[in-house]
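One chain, chain A, appears in both complexes that follow, with chain B as partner in the first and chain C in the second.
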Partner chain A sequence: MKLLSSIKKELILASRGFYFYVELLFALVILAVLLFAIPQNFSHITTEYLYFNLPQQGKEIFINNILEDDPDAKSEMAEIEAGGKTFDAELIVTDESKIYIVDSEETVRILADSEKNLGAVIELNENNQLYYKYYLQGYESTRFKNLISILFNESTEVLEDRINNQEVRPLSTAYEPLTDRENTIPPLIAFSGGLMGMFIMASYIFLDKKEGVIEAYAVTPSSVWKYLMSKIFVILLTSAVSGLVIIMPVMGLRINYGLLLMLLLATGFFASTLGLLIASFYDNIMKAFGVIYLLFFILMVPCIAYFIPGWDPVWVKIIPTYPMLQGFKEIILSNGDIVYPLIASTGFLAAGIVLFFITNIRFKKTLSV
Partner chain B sequence: MIKVEGLYHSYSKDDNFALKDVNFEVANGEIFGFLGPSGAGKSTTQGILVGLLQLQKGNVSVAGYDIKNISRKMFNKIGMSFEQSNVYSKMTAKENLSFYSRLFDVETRDPLELIDLVGLKGKENIKTEEFSKGMKHRLTFARSMINNPSMWFLDEPTTGLDPAIAADIKDIIKERNNKGVTVFLTTHNMYIADELCDRVAFIVDGEIKLIDSPKNLKLQYGEKLVEVEYAQNGDVKKECFSTIIQKDKDTLSKIIDDKEILTMHTKEATLEEIFIKVTGRGLI
Partner chain C sequence: MMLKRIWIIFTRDLKVNTREFMAIYMMIIPLLLAVGINFLSPGVNDTSVNLALIKNENPGQAAYFDDFAHVELFSDEQRVEDRVSRRDDVIGVLPENNGYYIMTQGNEPGSVIEYAKLLNVLYESDVRLEDARSEIIEFGRTVPPLKKMLVNMLLLLISMLAGMLIAMNIVEEKIDNTVSAINVTPISRRAFILGKSLTGMFVALFSSIAVLLITGFYTVNLGQAALVVFSSTILSLLIGFIQGLNSDDVMEAAGSVKLMFLPMAGSIAGYEFVTGNWRIFFYWSPFYWAYSANDMILSKSGSWPELILYIGIILAICGAVYALLAPRIVKGLQH
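So, the complex of A and B:
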């Protein structure tokens, strides 16, 4: 009865307050970004500028080779505006790149410099062997530079033959990768549901501290844990609603919503108890801002590992947002692992219970006149 | 009802005590005033008595409950009106009281009746963020009665209220006390203490300097004189007479019989004057 009464009170306060609508608005903004700003798949087409300083016959061999990758097997004439000048070029569009063939090395240099794209000159050296000169941007990795250095030690025919005969054995044929838009969902959900929940929970507590209502509650027979739990309930509700607002229009009915709700609630519970714990150490939000900001920064680090799979150190995996991201990803994958979100949910629930226990003790001790 | 023995408290948890060896008892049905200037230790004492501050050293029992092992059930018997009004600003007056009424295990009072009692009738459905400071204070005061407390803690209950409302609040306190409610009144307003309290304690720098009834204090520290203004041959005369010296008593009696008395006052000291005399400190 007391808990229900507290929850009802929190719902009234949330509906008349500011933060509840901030989180919902934030979810709608994220949804708009997902639907209208993030494409289904990002374009991976690169732009390259080539100059063949070769006899006409050699040039034609190269161009014909490139045209084999062009779906319509035709080149077209194009004009490139760069540095206040217009350059004529022959354009070949393949599945992976737009290749402009220009008429001088100087043009390649100017275009590579002004358009920040790869440029190359193919010519013959004094031994009448093919010689490749690249114009790079400076940020390319050593691995890439090494690759283009060794690429032409063998003839292109040999390389092509080896690539075509390379045996590729998929470990899981049922695996269907996410689109770029879908792949963006887990970090956004973790941020809006989890991290925002932590911040908003701390804000709710600081608002109560400012109004002094915690002290008024403390002189009633109702326990402190009921007060804290009623706040958590509101955060869980807003986390679940904002999470569904983001996911449903993008994923439709293709995912397991029971599993999603479980992880949303478990991560929301963990994040809100973290917010409670922070709030128990400070009088107002200004004093707590430094810690909240630092925590936000740390919790965002796994997003880097998420988008750059090659960077995945062990220490990142112990940051709570790492399993959060992986859990949400497994849920939205069409053949994702069900066990991972279940284990992650259990872990967040257990961690949340421990934090709640500590927070309850802290709040009992730190109530002051 | 309240028993405090050897109470010490230090916010810095060292020898810098905010309370030093505080001892007092409050009997059932008594109005006990805890008087002192700001920072004297009044709110700290009250905070410990209602469990808002942890008991560090000493023995304290309130309404039969030992504060060392505080039981939530104790709060069914306790009401607390805070100096700083603390109500939910986004909720109406009625919603505020209704919410708190559901937190108790005992029968509670009708929120509308309490709102009416403190002069807020017609404002029950207005959010308290639109209330004046005084209105919020009255609502905080009303909330402290929601559970019909037998032990009532009042922290500066009339601060910031206009005289008419303050008089109503004092009447409510008296009325509740007449029904047997014990009142622990924290204030620096000596006039309220004088009017309401059966006994008062003077506290300065965390130490109780004196405990007695206002009447005894006035008898002990006041000058035993009567000042009389009377009409004589068309003039107004003013004289002072001792209430102890027989000659003065006889003269005063004759004036009362023969003359038209305009004003007559005993020259008793105010509680504020006594406080300054006893503690050497003012009340602000």
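So, the complex of A and C:
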């Protein structure tokens, strides 16, 4: 009963404060960005500069091959401005790349250098075999350099034919990939909703300390954990509402909202209790914020792994944001795994309870100070 | 006289801040993040496809793939399948009927599967590295784009943190009633603003130069970088100051900081992911220009006139914001 009354009181106070509305506004802005600024799928078009140091016939064979590979490819004359000079080129735009065919190796070199794109010269060696000279920036990985070194040792047609005949056996065919827009949702809700709770909880506590609310609490019959829980509840409500504001218009009724709410609340609870625990060690908000900021940056590292599929070192997986992001991803995936978000929610809830327990003990000792 | 008073406020502020954890922290945290970028960057840049193979089934194949991809070896097919089934993108290459097939989980990006197929075909076609008919000419750029992007983001973050430092300082001053006390001293409000800003500026400049040196950008034009940091910090300080004056408590200041992150994140995303005419929608944001200017400096591709134009735009936007919000600053100082 006292808990309910504390929660009610906190909600009334929050509704009069600035923070609650900032959160809602923030969620609406993120939603607008998602709907209007982020395309369904990002364009991954690369730019290349090529010079065919070959007889005209050989050059035409290459150009025709490029055009045949992509029926939608278009060829036109273009001008490229770089380093204060203008270069004429034949531009072929395919689904994957913009290929500028220029008339000298020097032009390839200048363009690849100034525009920081890949350049290549195709010519014949002394044995009358095709020979490729690549212009790279220097930061490309050795593995990438190895690959392009041998990529054209075998004829493209032969390779393509073999690749098409290569058997691929998926362990499951039920997966439907997310669009790039949908794929950006998990990091947005994890950071905007759940993890911001760390900052807000710390702010709440120091604000109450400063205003003397804490001392006043010490002489009431209500216990410390109820006071802390009522604060956490406001954060949970805010992060759940802002999470739903972001997700609902994008995902519609395609996802399991029960699971989503469970993970939103569990991660919010975990982040809030973490914020509380950190706040309990400091007597001033600046110091607490300092530690929370540092933690926040560490928690951001799994975002890199999230967006770069091939980079997934083991140490990243033990950072709590990793299961957070993967859990949200599973929820918005059609035919996503139900068990993973459930396990993740249970884990965050359990970790939150442990942190809350420790925090409660710490605050019992320090709140009245 | 005026300069002397500003200097007094600055030195007093600096002294107070060095006793406080936050200013020291704000100087140290970007340096730690810079070390973190150095640590992360090589691994991320070396990203390729991750392949899972059966140990000792075909050591030659494993060695071949290792030149092009990350290879993990497992004792049997079941363990390869278990590995492929895990959450990250690992592709299995397994033997069958004198050949190999590709095992996927089913949710990998198409490009990852295509890469694995290509490698397997190259191996089966006996295409060897030593037979390469190619040469690679490099321009000697050693900093990968991701590292450049992270360092640029860090530079913007430093100016944000500097702004926050000022905001928090002002809130504390308001609570201690020293802002009201300014009104009865010979120090003018403008001098107070400038004096308060110098600490943040000092923190921002120190941290930015240190970050550039730590992350290996010591050959960039540090003077140009300092100019960009200076100009973008002016905006952060302006916002920080306004926040500080208009926030009655730390909760409000904390909420405002979150709002400040939005134009910064949006500008970075706009610069990195938006192409062509759509970029015009980000021209209002000084963070966009600061990020563009930093990118130019980090890439060593810009000229002084271009840089001065960018800085001019940043300062013009700052001037407009100041003109718009000057009454609120004056009002805030009166209370």
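Definition applied: the second predicted complex is superposed on the first by the 359 of 369 C-alpha atoms of A that agree within 3 Å, B and C clash if a C-alpha of one lies under 4 Å from a C-alpha of the other, contacts with A are read in each partner's own complex, and residues count from 1 in each chain.
The working rule: a contact is a pair of C-beta atoms (placed from the backbone, for glycine too) under 8 Å apart; a residue touches a chain by one contact, two chains touch by 3 or more.
Note that the coordinates shown come from a computational prediction; the quantities given were computed from them, not determined experimentally.
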First, second, both or neither for A:S203, with chain B first and chain C second: second
Which superposed partner A:L294 touches (first chain B, second chain C, both, neither): second
First (chain B), second (chain C), both or neither touched by A:G138: second
Chain B versus chain C as contact partner of A:S223, first or second or both or neither: first
Contacts of A:F87 with chain B and chain C, given as first, second, both or neither: neither
Comparison of chain B and chain C by chain A residues contacted: C
Touching partner for A:G212 - first (chain B), second (chain C), both, neither: first
Contact residues common to both interfaces of chain A (with chain B and with chain C): 17
Chain C partner contacts - residues on chain A that touch it in the complex: 17-19, 22-23, 25-26, 29, 33, 37, 42-43, 109, 112-114, 116, 125, 129-139, 141-150, 152-154, 158-159, 162-163, 166-175, 177, 196, 199-200, 203-204, 206-207, 210, 284-287, 289-290, 293-294, 297, 301, 304-305, 308-313, 326, 333, 340
Residue numbers on chain B that touch chain A, as the complex places them: 43-44, 46-47, 50-54, 72-76, 78, 80, 82, 84-91, 95, 99-100, 102-105, 127, 140, 143
Of chain C, residues touching chain A in the complex: 20-22, 25-26, 29, 32-33, 36, 40, 43-50, 67-70, 81, 84-85, 87-89, 101-109, 112-114, 117-122, 124-125, 127-129, 131-145, 168, 175, 249-252, 254-256, 258-259, 262, 266, 269-270, 273-275, 299, 301
Chain A to chain B touching residues, read off their complex: 1-2, 5-6, 8-9, 12-13, 16-17, 211-213, 215-223, 365, 367-369
